[in-house]
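Here is the structure we will look at, set down as structure tokens.
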């Protein structure tokens, strides 16, 4: 029967720590997670290769999510052109911050799920909210094994049945909720104040994009792991549009910044 | 970037990298461990009346000092006259509520009627205790109308201890709320005999109480969901709270 | 005396290329009382004739609610129907838990098909002796499916199963082209009329006790009508029959 379940667009229940007849595997909680006579099972105890901010917001007629393209190894900006978006189906896109390898694994998982749905050929496709619920269960299942997927995911999409935009958040604990605007990583500190000040639900797509670019400029100037190359995805009733990578225009030749501090009056530091 | 490392690690690293305090040879190897719990804050409470019950929960969702969401519910309607409200960790709340809904659907299939409020209350206790050694980090209130049509309120701890009481509050603002409810509903420390509150007064009091909690508790605020459960069923409304 | 050598288990083929155990199971479906299903643009209605084993017993259950958006009518072995009901409920709850969404009806039916098929290919197993008419509503609209013990399943506009279902089928075949546009009330009436055709051949009357009707639609959770609700339609049926017979008083059925 397990094979049948897989074919029907679902994985075996054990994968998300839930089985209808049983419950969470409580054995993972009883101290050492060592399988019989084998190497100790290794859990993710800290992220290694990480990406930072993703910001998403709903505008009038759609949702936009933006991220930069940087991925760090510790404090080193190790990879500078990584795509952090994963499109699932025809109207959902997931953007991730946090451990990049976990994101790549989840990308594969989501794509597989999408394929399993597609082979049904029954015209049913998953709503973004439904994919968010699935990711929420997946993240919660892993955290309950004390081996979390170390990510914060922001997902954008278009809800077909209610005909409205969707924006949702999922994190390593399994926290899930929909919101009007969400920022992850360093953006949850630096971008949220900007969004609170300038966000309106009736923004046009261009206004929304401009606001996100403004946020990413602030992040580029202040977040040492931030990059000026960004990419964004837009979800509307027409589907998903993933942009090319573009570079934000930035400016460093302010007079105060060019003058050596020693030559400045004491009161004129740059902040 | 993300502050989910185990506590104390930063200090140890600091000491090692500066080399000023050599690590004693007997020190056990430093262990990193993922902490599976977080408190997302929020206040929930409920008061039972003679033929009705009132329940409230704010909708703020916090993580550390950040507000993640201003509009995320802590309540789930389980039957036509029963609601569960949960403070603590949001991910666990989602899981627990989903599981409760599944179990109640199974009950309905088996018995061809919905469970009574005290059956739901007992079920929640059993679920919580089932995870006694890896508890749900949730603080629950079950509220509804019992089989006699009386308001019923049940309060829980995280591992399933529960009791039916006239009023209860849970979550980060619980202490603030409890003291007012003790005074106004429990009539403790009153010098003269006070009349019990009627339904409208009780709802107004409840709104004031959650607003007051929102003024003093940083994890409580934004909006409050108000549930009034009476013979007409579950009536839901929303009030504004402080947004900072 | 002739004895069939090839029908003792479902893993043996007959030289004619048949698997007799499956065919016997398909026959079991025809032993049950008649059930009908019919679909409009918005709703699906299921109807069933119920039998009481003896006068002292209650009527058997023919309609099963699986979830808010889906249910079925069964003909054949009731015990097998109950097992499948439990399985289908599990599948729907699993989907709700995982995806916060109702399981599409077609996928639920495919699950039942796969499970039934597995029973036809294992030594020591027997096929389910029950056929289901599955009615449900999902994001692609209302659906009516039939499942067979063989593992086959088909989608229909209208269908009838069980003993003496042929007369019900004849009725449905005559009218199904009009079903798409009719109201829920009329759809229920069509179901009752089809059931009436089947019960007439058995010289039975249809009453609120001997009939079950369920409806489901996009805005309508799966609901089995109560006797009182059903009586309204039965009264309408009786008056329509009277009118058709030229306004005579209804036949005394005591």
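Letters A, B and C mark the chains in the order given here, with residues in each chain numbered from 1 onward.
Keep this in mind: contacts are C-beta pairs under 8 Å (C-beta built on N, C-alpha and C of every residue); 3 or more make two chains touch, one makes a residue touch a chain.
Just so you know, these numbers come straight off a predicted model, no measurement behind them.
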Any idea which two chains share the most contacting C-beta pairs? A-B
Remotest chain, chain A as reference, centres from CA atoms: C
How many angstrom between the C-alpha centroids of chain B and chain A? 28
Rounded Å distance, chain B centre to chain C centre (Cα mean): 45
Chain A and chain C have mean C-alpha positions lying a whole-number Å distance apart equal to 46
Quick one: which residues in chain C touch 2 or more of the other chains? 93, 97
Among chain A residues, those touching two or more other chains are none
Residue positions on chain A within touch of chain C in the complex are 1, 4, 7-10, 13, 16, 18, 20, 120, 122-124, 126-127, 129-131, 133-134, 137, 160-161
Applying the document's contact rule, which stretches of chain B touch chain C when the two form their complex? 98-99, 101-102, 105-106, 109
Write out the stretch or stretches of chain B touching chain A in their complex. 1-2, 4-5, 32-34, 36, 38, 40, 61, 63, 66, 68-69, 71-72, 89-92, 94-95, 130-131, 133-134
Listed in rising order, chain C residues that touch chain B in their complex are 65, 67, 89, 93, 96-97
In the complex, go through chain A and note every residue touching chain B. 23-24, 26, 29-30, 43-47, 50, 52, 98, 136, 139-140, 143-144, 146-148, 150, 152, 169, 172-177, 179, 182, 185-186, 188-189, 192, 225
